[in-house]
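Each structure below is given as structure tokens.
Next come two complexes, and both contain chain A; in the first it sits with chain B, in the second with chain C.
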Partner chain A sequence: MALATTSRLLDRAALGLTVALALFLSVPVVLSILTGLMVNQFQGFSAGFSLRWVREVVEQYHGAILLSVWIATLTVLINLVLGTLLAHGLRRTRVQWARALEEMFVMPVAMPGISLGLAMIVSYGALGGFRTHWSFILVGHVLFTLPFMMRAVLAVMQAQRLDVLEEAAASLGAGPWRRLVDVVMPNCRNAMVAGSLMVFTLSIGEFNMTLLLHSPFTPTLPVGLADAYASLRIEVGSAYTLIFFVLIVPLLVAMQFLGGSPRGKAL
Partner chain B sequence: MKVAPAVGAIRVRQCSKHFGTVKALGPVDLDIPAAQILVLLGPSGCGKTTLLRIIAGLEDPDEGASLSIDGADLLAQAAEARRFGMVFQSYALFPNMNVRQNIAYGLKLRRLKPQAIEARVDAMLDLVAMRELGLRRIEQLSGGQRQRVALARALAIEPRAVLLDEPLSALDAHLRERLRVEIRALLKSTGVTAVYVTHDQDEAMALGDRIAVFNHGRIEQIGTPAEVYEAPASAFVAAFFGHVNQLGDLCFRRDQADVVDAGRGDFDATVVAATHMGSYAAIELRSGNGARITLHRFPASPAVSARVGPTAALGAFIHGEPGAFELPVEPGQSVGVRVLRRIHFGLPTT
Partner chain C sequence: MRTVGWTRVFLAPALTVFAAFFLVPLARLFAVGAAGPSGWAAYVEVLHNTRYLQSFLSTLALAGSVTICTLCLCAVCGVYLSRASFAFKPLLTAVLTLPLAFPGVVVGFLVIMLGGRQGVVAQAGQALGGDPGSAVVFAYSMTGLFVGYLYFSIPRSMLTVMATADKLDRDLEEAARTLGASAFAVARDVILPGIRPALVASGAICFATAMGAFGTAFTLATKINVLPMVIYSEFTLQANLAIAAVLSLWLGLLTWLVLILARSATGSAVAAAA
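This part shows the complex of A and B:
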């Protein structure tokens, strides 16, 4: 009885703490959103709400926003092909250095984005028009996000008995390519979707590296956001943040939903 | 229903396999006649699964091996070209497909017409008595049902042989006993050559036309269930099919000897314990030179009692009531042991 009471008290304390933390974290978010919709941040709510700042952001920065969506989409597509194939290859190989190779692919994550961006510029900056083309940013984003996709897929691949499934498929007459398409990929589908959402989110919000990689011709959404906050009214920056939320929040929710559904887990 | 004509004679010669420096399979020669069920039996790590995987094409043997089916070389072919149906311990059904899709998969790869595939899948579902469950997802099936689907999937492609790797080991004992009878009947009705790996000697006896007993990567003996039981080629084989009493050169199984009056048997011994074990009585004895002997006495075994003659001093072993029997010996008592059937190792076997 006493034990039950204590544990109920503990449960309540934990719940209270969680609510307090959630509030603490969401207040700046909510304020930022509201600010983007206010007529005048200095005057506060009394001045009323308007979509004027949102419109202004769209007019001034639609190029940057579209470029970010474009790059994030391509990053996801490239990751789906490269990440899945890499994970498939790493899973199947029996050689000793496979583990080391797996670690090597994680290195870009361990490096600060700025260092990675600098490394990109030093290595490939002089390569003709590459430096000023949006594909320069794309390469950086793929480099940075590939480990996330590969790891997500590899983890699910390893959790399932894909080896035996592939052997069964082989005995039924499936060659390596058919096994990949019919057996391996369908059973990693949820990991691939979850990985894609994560990669899209990472790419569209990437700032550290992109700050160095972008050129005046290729600003991305977060770079434009920093620019807006630094040089324009606070309401414009906040409205910009609002647009960013609209793009990203549905993806985060989808990610959460996928992770929680039973089909999202490894068998 | 015949799914395959009597083809599928597999021939294995000089087949060995090392994993790094570890020898998993020793050079092995083996002939599997068409339409026969050969069981590869042995303790874990004895090489039986390695041999099966080599036949399947999932492992390559060391240099110098040869492997053929009906005279055609197999080693040059990849696993997917060999047309061997496989059944795995973990079922290995595709979780992204339902029962019908699993069975149809091998047929689709063969580019059969859709109607032909449907008809074949129906026939296979009937064969394993799962017609109503065709649209179920794999995760909705019990272990026994999964293994039936796996068998149907393997047989659907009209394989040249079926290779089964411990297919019943993941199931409970009761289901195992029932399924091994079903599987044998199924394999026999389709007339397909089968290689069946197990570590369970009861399963081997129930399923195999012949049994190859493996030990340390080598085949100790190949023979029918009766041959390996009654004429084991080595002490290892004898012990694998039930306990063996050994007294110098005299070897015999626990149920192949009986207690008689002292001085009237093959040797004398002292009773250590006599225990009622339910369906049989266990009598522990110690011989004159200290060897431990265990006898199992079944009440309703007329063949045995007829051969043991009257034992006046000990009284009748078998009581009138079926299933009930007295323990006629007391610990400390001196008795004779008459051996009814000896085991001779190394007899030439077929």
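This part shows the complex of A and C:
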């Protein structure tokens, strides 16, 4: 009897804590969305709602927003090729070597973004045409997100008996490319989609490295966000955040749906 | 069938990009760090400089406390959510894991929404009768940074803990209970050891992210002396490239070591979570 009461109490406490955490995570999001739609934050809801601030942000920052979408798309495409080839290569490598290589490719995740950005600048910053071009940012994003694509695809490759399938295809005369494209890749389709979603969301929100990599000609969405937060009224910052949420939340929801087994691994 | 030649062809593109844009730049950064007035000694000297050491220590303290706090919260709530079944559980889970990929800049702004001059806390204080002069504003300080880092650490760790707790053998807990173990004893002796790998793995990621996080501090700005901010200001304001390079490499090395340590402690669990 006493035992049952304690465990019910503990349950209640855990539920309370969980709800409190959920509020902590969601209240500021809701508030920032509402503020972005308010006529005036100081007066609150009474002054009414409008899309004025959203329009202002689109006018002022559409270049940065589009550039981010463009870079994120290219990052996904490039990493689909690089990451899949890499995972396939690692699969075929002897275990000790594969472990060491994998470890090496994950290093950019452990490096603080600002260090990576600085390293890029001291190496290639003097190449003026490259430095001020968006491809300078693209290269950084490809490097930083490659491990995520690699992990997502490799985990699924290793969970299946692709060796057997490949052997069967080989005995029927399929060459290495044919086996990769027609046997291995169709079996990793979900992982490639999950990896792409992850890479896209990471690229579109990347700031730590991009702040150093961007130039006045190539501001990205998060760089514009930081600028709006620092210099403009809170309604504009909120409206900009709202636009970012509109872009990113569907992707995050899609990731949760795909979730399932590789979710922990795709992070 | 497994010709080494073809394996190399598959690895080559990624290896080329990695070498050109990671290994070479890193080596270059290492050399730049020694190009200052004190040469290679700069790598040791920064550790004797009070200002840099101070920011190094406060970054460590911040990352450490955020990690511990995140792990405690996620252990309780993650295990609870993986066990409980009630109507709005999917919603609760979604809310707790959705901010997974919110960038630091956005998180900084959300902290301002909570603890800024016109934030929820300040307004609630006034609504309860506090005078405007003494409103609680915590966003632009180390506390604000702590709250922000907690914000983006919780979803990642929650996912990992829940995934592991789902796989725990419930029979073990049942057996312990049958043998008369209290709820507390079951949690300490059965559940905690079960989710330990998840805690070590997500703790390492959490720590590494907090060490290198920059966007949140940048948004909250003012005078928060964490290492990434110091590196940024050395580079942009002081144009002190050598010191910025030295500090960057120290920060990177330390973060990487923590991940390696955690990985060796849990086998491949951290590798899977990274």
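Keep in mind that, in the parts below, the second predicted complex is superposed on the first by the 239 of 267 C-alpha atoms of A that agree within 3 Å, B and C clash if a C-alpha of one lies under 4 Å from a C-alpha of the other, contacts with A are read in each partner's own complex, and residues count from 1 in each chain.
Going forward, a residue touches a chain if its C-beta (ideal position, glycine included) is under 8 Å from a C-beta of that chain, and two chains touch if they have at least 3 such contacts.
It should be emphasised that the depicted structure is a prediction, and the values quoted were computed from it without experimental measurement.
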- Following the overlay on chain A, give me a clash-or-fit verdict for chain B and chain C. fit
- Give one of first, second, both or neither to describe whether A:168 is in contact with chain B, with chain C, with both, or with none. first
- Determine, under the contact definition given at the top, whether A:132 touches first (chain B), second (chain C), both, or neither. neither
- Using C-alpha centres in the superposed arrangement, which angle lies between chain B and chain C as seen from chain A, in steps of 10 degrees? 100
- Task: Look at A:215 in the shared chain and tell me whether it touches chain B only, chain C only, both, or neither; answer first, second, both or neither.
- Result: neither
- In the superposed arrangement, which partner chain does A:155 touch: chain B (first), chain C (second), both, or neither? second
- Of the partners chain B and chain C, which touch A:43 in the superposed model: first, second, both, neither? neither
- Message: With both structures fitted on chain A, tell me whether chain B or chain C touches more of chain A's residues.
- Response: C
- Message: Once chain A of both complexes is superposed, is A:183 in touch with chain B (first), chain C (second), both, or neither?
- Response: first
- Please work out how little space separates the C-alpha atoms of chain B and chain C at their nearest point after superposition, in whole Å. 5
- Message: By the touch definition above, which chain A residues appear in both interfaces, chain B in one complex and chain C in the other?
- Response: 167, 170, 267
- Item | Of all residues in chain C, those that touch chain A in their complex | 1-3, 6-11, 13-14, 17-18, 21-22, 24-26, 28-29, 32, 73, 76-77, 80-81, 84, 92, 94-106, 108-114, 118, 120, 151, 154-156, 159-160, 163-164, 182-183, 205, 208, 211-215, 218-219, 221, 228, 231-232, 235, 241, 244-245, 248-249, 251-252, 255-256, 259, 271-274
- Enumerate the contact residues on chain B facing chain A in the complex. 56-58, 78-86, 88, 90, 92-96, 105-106, 109-110, 139, 150, 153-154, 157, 163
- Task: Sort out for me which residues of chain A touch chain B in the complex.
- Result: 160-161, 164-165, 167-175, 178, 182-183, 186-187, 189, 267
- Note on the structure: Contacts from chain A onto chain C in the complex sit at residues 3, 6-7, 10-11, 14-15, 17-19, 21-22, 24-29, 31-32, 35, 41-42, 81-83, 85-86, 88-90, 92-93, 101-116, 118-120, 122-124, 139-140, 142-143, 146-147, 150-151, 155, 166-167, 170, 176, 180, 198, 201-202, 205-208, 211-212, 222, 225-226, 229-230, 234, 237-238, 241, 244, 248-249, 252-253, 255-256, 263-265, 267
